[in-house]
Each structure stands twice: as structure tokens, then as C-alpha cells.
Amino acid sequence: MGLDVNWAVRWLTRSAQAMADHRVELIDLDRPIGDSDHGENMDRGFRAVMDKLAESPPETPAAALKLTAMTLMSKVGGAAGPLYGTAFLRASTALGDLADVDAATLVAALRAARDGIVARGKAETGDKTMVDAWTPAVEAAAAAAGDGGDGDVHTVLLAAAEAAEAGAVSTDPMLARKGRASYLGERSIGHRDPGAVSSALILRAAAGAAE
Amino acid sequence: MGLDVNWAVRWLTRSAQAMADHRVELIDLDRPIGDSDHGENMDRGFRAVMDKLAESPPETPAAALKLTAMTLMSKVGGAAGPLYGTAFLRASTALGDLADVDAATLVAALRAARDGIVARGKAETGDKTMVDAWTPAVEAAAAAAGDGGDGDVHTVLLAAAEAAEAGAVSTDPMLARKGRASYLGERSIGHRDPGAVSSALILRAAAGAAE
Amino acid sequence: MKKLINDPRAVVDESVEGFGLAHADLVTVFADPNYIVRKDAPVAGKVGLVSGGGSGHEPLHGGYVGVGMLDAAVPGAVFTSPTPDQILPATLAVNSGAGVVHIVKNYTGDVLNFETAAELAQAEGVEVRTVLVNDDVAVQDSLYTAGRRGVGGTVLVEKIAGAAAERGDSLDAVAAIGDRVNQNVRSMGVALTACTVPHAGVPSFELEENEIEIGIGIHGEPGRHRIPMENADGITDRLLDPVVSDLGVASGDQVLLFVNGMGGTPLSELYIVYRRAAQVLAGKGVTVARSLVGNYITSLEMQGCSITVLRLDEEMTELWDAPVHTPALRWGV
Amino acid sequence: MKKLINDPRAVVDESVEGFGLAHADLVTVFADPNYIVRKDAPVAGKVGLVSGGGSGHEPLHGGYVGVGMLDAAVPGAVFTSPTPDQILPATLAVNSGAGVVHIVKNYTGDVLNFETAAELAQAEGVEVRTVLVNDDVAVQDSLYTAGRRGVGGTVLVEKIAGAAAERGDSLDAVAAIGDRVNQNVRSMGVALTACTVPHAGVPSFELEENEIEIGIGIHGEPGRHRIPMENADGITDRLLDPVVSDLGVASGDQVLLFVNGMGGTPLSELYIVYRRAAQVLAGKGVTVARSLVGNYITSLEMQGCSITVLRLDEEMTELWDAPVHTPALRWGV
């Protein structure tokens, strides 16, 4: 089974639910090393995505992601808005007008998303940002898709989600070099990056939607 | 023994000591029904009085009280500054150029002080102000001085101090009608008036200085 | 108590000294006794305007010394009215021969100290008139009490009387316009938190996390009553209603709406209060012809605000608009 | 959390609405998306100036919209940079054909959102230049980090670049003077207490009764380090020293000294800080030629302050003195 537009809508719906459920947790993660707004920003953004999805139901997975990109770009603000906006926009482009996404295209889309974040934010792995969730996620997804790219999409998404979660945890001991946490220098050590956590939540939602 | 200039200086010195010792207490009394400054104001004023006494030692009791009046007027501010300033000024005038003050003159001076406070502040007994310390003090002093006004000055001052202390306590259940506490209406009930307490301290200092 | 201060007893002296350094183009600051005088005082032929009171309400009064407003300000200790030995030299310094108006907030201490200073000035041949400001509707007005306090309205009295003096009005005329402003202005305030007087070191009153004080003054004194926390619109209504009804503002009236911060409340919140107050007034058919929003008469770091409404006439509006150039209020220059 | 607000999610909308009502003579406020435009924009032939950022720093930026300063301000959510769909229409609204300068504080979010908006505006044929403000010496400056934040210096960049635009400078010239101000300005801040973001509901960090945070920004983010409480002179030295040495101010230099309140600190305390800073600079032979003291770029109700020093040259001084007429800064008009 490939991933169709219904999967995409379920993914975004589950993402919105995750942002609402984890709003306070993401704010709390952003407090010691940031400005206490990440959960509020993501929740506001994904609530707007839900409104847009209801207003104009998309016809393809790519359309769903493009709508998400534009909405996050215009409703989230901060660092996360443009970064997630770019990620969803690039992923959308990678999907073209396919009605059903196979594992190979899925991996390409995830990679495009990650590359978009890196292109905008200039962060490298180890800088304690959402990149530290996305890069291992892309690698795990590629491995799960197999050399021929013909793996099971659910397995691919599960691998991505798990790797992203581990990636988020891996930010704990890092010294931040990008984003607001970098202002803290040494004091950023010992805290988890909120954007890496929200990234893992979004990828976990993608896997859940493919069950 | 009458009350000479040494008594006056001892009185003012003991008053200054009392204001320093009770500074925090007077601030604390002024907090719930005023603006938390009475102890600070009185302490500042009497420290200045001590400086002035050292600078230009007075020759008569009246001179000591006049110097006190002018110093309090220029250093205390608020309601207490002009009220105590007037009290000491009128008392000074009542003493004339006597080197030794007898009981009758003492009572006259205390009465003049009280009348000065009433003339300036327009408060009546029961309005929850320093007048509620001064009026019973003057009455008790007059009674102790006897009809001929030939009582013992120390006894007269002790009577005044005790009556002032009781007068201060009597302000507890009063509803304030003058000064800052009046803004509180009913909520002023149950608190002791700070100016009545500082008045009792000053009269107690006068008695102590005459021991 | 955490404050950007050195010795708590030097707070006023050092603050006034810093003020003098920062605004040396506009004012001259005298120390011991403390008073602040307009750079070019006395202005020939002009009535002098002097105000003052306890410190802790900055920018009041020192911030309003300059062209078109006060000629001198006299800062007392924190929340303690100044003394005659400060008020007198300030009065003499701004007297050009045209006389001096004292603008006095109605507190026992302020009234008594200015009264004495006025007597002393008069004894030196200076004509003095006193404008008493008592605009706080939170306080009962009665012959048998200390009467209403002077709060937010003071800023408006100082601006408008200052403009009248600047255009050359006589001593009596300046005092009369000051009185007219006072008669047409009412205020009421709320505290979300208490302030801490530096020399006292502990908050002036205790408020629970969900309580606010309605009807506070500007000296950290408690208000009239304490209520559970409400939203901004609800609080605004509680302040505005008594102001409007006491002043008797009616449809067709033109007013100046002044939302004042007590010192610790963000400007953004003051605009939320302003929004509601403007909407309510509009709903009553009242035109908000002028407005002022910000920290203009404060109570140290207290969180809260006051709402002041001034019923305008043509002359008051013209005088409000007249040029003013002071550290804290400036336009037209 | 006690605030004068209604729905925490409506704070910015309602505050901006109130701001628009209070200053309808100077600005036009647009809602959904939110942006604030100078009443007479676009001004024919004039370069347009747009700034913006998260809300919670009032009067920045909306308070600086008007003659001689910004043409538009774009308020984001509290402490969250605005989005391109707000920045773009603001940019288009103030473009008279002479191009638009974006003044952007150096935060990842602000940079990315303004970058996108600039691209979109350019795609619509509007020439855009960006002036990046990064004056905070508390933050390490390196190619491998997000770099220094924009803080107090932003106000000075907006004023001086605004005056250049007003006198008719070209797009490149306005951007160049903005850059020049940024190169000559440094700041550093301290927090005595934390602020509380409305949607978060709890303070942004915890400070003990006797602790302060040195090197804080303006978003309630923690600073560089925490030290025991000190007196005002000591704190002032801790802020001023790195500013002066990073800027390389030397004897004979002329500077603008800006002591800024973080929102919850009384003005009187800012003058105590100003006093010390002015004395220290004088001791180094530096002339404080201009000064600014007050709440100009805040962090909600945070208690604390920042010190900003701008090394002046003749042109910057002239542009600083040029007339400005905005809700929060006004002179010469």
C-alpha cells in the first residue's frame, strides 16, 4: 500500500493533535534555552493547517503538504515557521503530482525536507537543532527503504520516527551553536532541543497515519 | 528640680534614640494604613536634630525646641514634619526664655504643642491621628501638675507619657478620618496610628530625660 | 527587594543627580535641598509654576519641568512630601515678578508643606496661588476627611496650566485654568502587585496570586477593596464606570482619555485597557478627542494602571495641544 | 500570572488595536495579518523603512512609526518574529518606488522571515535592502553561531536611518547609514526578575531573591551568567565595561548614552544607572553628547535594564537630532 492524500490528511491531523497535546511540554523545553514559545507557535500553526484543510481539501499528498507549508510559513513565525515551511514545501515538490507515494519517493521527500531546513538554517548535525532529528531520520528511512527503494512505507516511516526520537534525545548533551539556545553557550548543555522534539512528533504522526 | 536645657537636650537625644530603635516598627505600623514611611521620616528628622544640636548647642530649653522645630520642618516632610514642627515651635514659644521650666509652664507648653497640631491638621479626638495621643497626654499632665500647677515635673511627664501610650492604643478600633489612613475607610479599623505611637515615644523620652 | 539602587537613603539624591545629567539642556538640578528648575527660569513676565511631592512617581514631577509646563519641581523622599525649605527656594527661583502657582496634590503632608512654603514666599513678597488636585474617585470626598487624593489628573493640570502660563496668562488666570482642569477630571486606579519602598524593604501590601486591589493611590497605600483577579475588560469597566459617573460625562462630550501605568505594567497591556475604555466611551456617545497612554505618574515598580478622564472644552484642548518641551512630555517643539 | 489582558491568545491583536485607536492621527493599523503603517504612507519619493519582530518589546516597533522614523512596523506573536505574510504587505504599503529598507534584529526567526518577505517583495518589483542589527556584546560573535542579537541599538538604528530616509537619502544611502549605526553601537543588559510570556503562564526563568542575570536579551531568555545581587553602581560597571571595550570607545569620543528599562523597573532607578554610566564615561574622557533614558525596548514586565553606547559622528548626531514624530519618540515637530 502506498501513501495517498488520505494518509497525508491523517498525518497532518495527527500532527496537529500532537502539537496540542505537547504544547506545554514544548513550551517548557523552550524555556530554559529559548523564549518559551515553541509549543505555542507549533500549536497555532497546526490549528491553522486544520482550518485550511477543512476549507480547501487537497487532492494529492503534495497539495496537502504545500498547503501545510504555506500555512506554517504564515502562522508560525519565529525560527520554526520558515524552517518547517521550507521543509514541507520541498517535500511537496519532491512528491510531484503522485496520487500514491512509494518508499523511494517518500525517502526522497524526507531528504528534501531535511535539505530545505539545512539550506535555510545553515545548521550542521551536532548544533543542537531540529537537524539533529531530521538527519538520522532520513538515514534510517533510506536504510529501511532498502537499496531498491521498495520497502514498506509504514516501516520506513516507523524507522524515521524512531531515529528522530533518538536524535532528539541526542541533543541533550550538545552545546548549541545555532538558534536562540546558542546565546547560552555552555549553559545550553543538558537541555533537549524543542525543535528536535517537535520534529520527532511530526514524524511519529506520519508513521501513525500509515498504520 | 525644674527642667533645664540639659533636660531638653537629653529629651531630644532620647527621642532620636527612640526613633532609631522604633524605625522599623513605625514603618510597619504605617504600612497597612499608610505609605510605609513614618519611621523613616522620624528617624531622618531626629538624626538631623542631633546634628544641629551638636553644631549649635542651645542655651535654653526653648532654643532647643525651636531648633528641633525648624529641623523637623525641613527634614521630615510628609504630614508628620509640619505637625511636629508646629508642635515644637509652639511649645518653644510657650517656654519663653526660662532657664528652668516648672510644672505649670510645662503643661502650658504641652497644651500649646497639641493646639498647634490641631490648628495645622484640623483633626479632632477620635479621628485616629497623633491628636489621640496628645489630647489625653495634655489632660493627664494638667491633672498631675495639680490646680496650682506646682506638681513635680517628672510626675507630670510620666503622666503625659502614660496617657499618650494609652491614647495610641485607643486608636486601634477607630475609623480614620484624617491623614492617609482615611482613604481606607472601614479598612483602617483594627490598626494603630503610627503618629500616635511616635508621639507617645517622644513623650516617654521627655519623662525619661527628667528622671 | 531587588532594585537598581545603591544606598536606599541616597535613592532620591542619586536619581535626581542622574536626571540632571541626562537633561542638562532643559533643567538645572539643585542638591541639598533638592529641587529642579527650568534652565531659563525665571522667564521674564511669565507666571512661575511649581509642583512637587514625594518621589517614586517618576516621571512626575521632575520630568515635566520645561517649556510649556512646570518651572520647578520639588522631589521629597520616596512617597513623602517635600519640605518648605525645598519648596521655598524653588518658588523664589521661578518668580519673575508675575507670581507663582503651586500645584499641590491633595495629601495632608503635601498641603501642609506647600502651605508653609507659600506663607514664607509671600513673606518675601512673592504672590502665590495654590491649585489643589483631588481627582481620585476611589476616595470619599467629605469635609470631615482628608478628601480625595490627587492622582492622574495632576499631569493634565500641570500641562494645561503650564501652557496657560507660557502664553502669558496672569497669576489668577493660570490658577483658574488649573482649577478648571481639576474640576473636570476624575481618576481611579488598580494594583495587580504592590510596590516596595526602598527604605522599608518589604512590599507595601500583600496580594495573593489571584487578587487585585481596586482604588489604590500612588503611594503603595492599599486601595478601597480587594477582589479576585479579572480580565482586562472587566477591570477597565470597574475603573471607568465610577470615573464617568462621578464626572457626569454625557453623550456629545469631548474628553481626553489617559491610561496610566503604575510603573511595572507593560505598555502593551495599557493599550489593551485603552482599547476597552475607548470602546465603552464611544458606546456612550462620548468623543475621545485626545489621548495619553504610558507611565506618567507611577508608584515605583507597582503593576497596575489608572484611568483618567478629562472633560475638554475648546480652551483646554488648545492648551493641551500647545507646545511642550520637557524630559517626559514633548510636542510642538 | 497577573496581567491586564483578556484571552492570552488575543494579547497582540487587542493591544495593537488599542494602539491604533490611541494614535489614529499618526498610524493606520491593519489586522489579520497585523501591521502598522504610517498614516501618510507611501511618502512620495521617500525610501520606506520597515521593522518588526516579536511583540512584548513595546514601544518597539509600533511606537516608532511616524515622521522621521519607521514607515511600518510588523508585530509578531509575543517574542515570536512576524511572518512573511505580514511583512510583505507592510513592505508593499510603504514602497513609493524608492525602495524599502528592512531593519532586522539578528535572530534566526527574524532573519528567515524577513528574508522570505524580501524575496517575495523583490519578486513584485520592490527593491529591498536589509540592515541587520547585532549590538549585544553579551553574545559571542562567530561565523559558527547565530551571532550577536539585536537589542537596544535597534532603536538608534531606526531613528537615525529614519531621519536619513526622511531627508531624502537614496535606498543604498539609508541602508548604509543604518549599517554605520550598527557598527558603532553596542549594548548589554541585566535582569533582576524574569518576565512571564502570556501564553506560557510561568516566568521565563527562576531567579533567587538575591540573584541577577547578566547578559540577558529581550525575549525572557536567560543571560550569560548569574551573579549575586549587587548595587546599581556595580551592575552598571558590569554592563558598561564590555560595551565600552568592545566598541573601543576612547578619550575624545562623542557618544550617545542610552539607558533602557526592561519594562518593570522604575524610571528613577534608570537615572541612578545613568548617573554612574555618565560618570564612568566622563572619567574616561568620553563626552556624552546625547542621551536617552526610559523604557524604549522592553521585555514585558521584566525588571532590569540595558546600557547602549553609540559612538557618534557629525552626521549621525545631526540625524539623531532631526525631527521625529511617532507615538513613542517625538521632538522637533
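Lettered A, B, C and D in written order, each chain numbered from 1.
We take it that contacts are C-beta pairs under 8 Å (C-beta built on N, C-alpha and C of every residue); 3 or more make two chains touch, one makes a residue touch a chain.
What you see is a predicted model, and the numbers here were worked out from it, not measured in a lab.
Identification of common neighbours of chain B and chain C yields an empty set.
Listing every chain that touches chain A and chain B alike gives an empty result. Inter-chain spacing, taken between the CA centroids of chain A and chain D, is 32 Å. Chain centres here are Cα averages; for chain A and chain C they lie 55 Å apart.
Centres computed as Cα averages put chain C at a distance of 29 Å from chain D. Counting partners per residue, chain A has no residue that reaches two or more other chains. For chain C, the set of residues touching two or more other chains is empty.
The touch graph of the protein chains shown is a line.
If you check each pair of chains against the touch rule, the ones that pass are A-D, B-C, C-D. Against chain D, the residues of chain A that register as touching in their complex are 27, 31-37, 40-41, 44, 73-83, 120-121, 177-180, 182-185, 187. For chain D in complex with chain C, the residues that touch the partner chain are 2-7, 11-12, 14-19, 21-23, 55-56, 58-59, 63, 192-193, 209-210, 212, 229, 231-233, 235, 263-276, 278, 288, 291, 293, 295, 298, 300-301, 303-305, 325, 330-333.
Contact residues of chain D toward chain A in the complex are 9, 33, 54, 76-85, 107-109, 112-113, 115-116, 138-140, 144-146, 149, 197, 199-200, 202, 204-205, 217, 219-222, 224-225.
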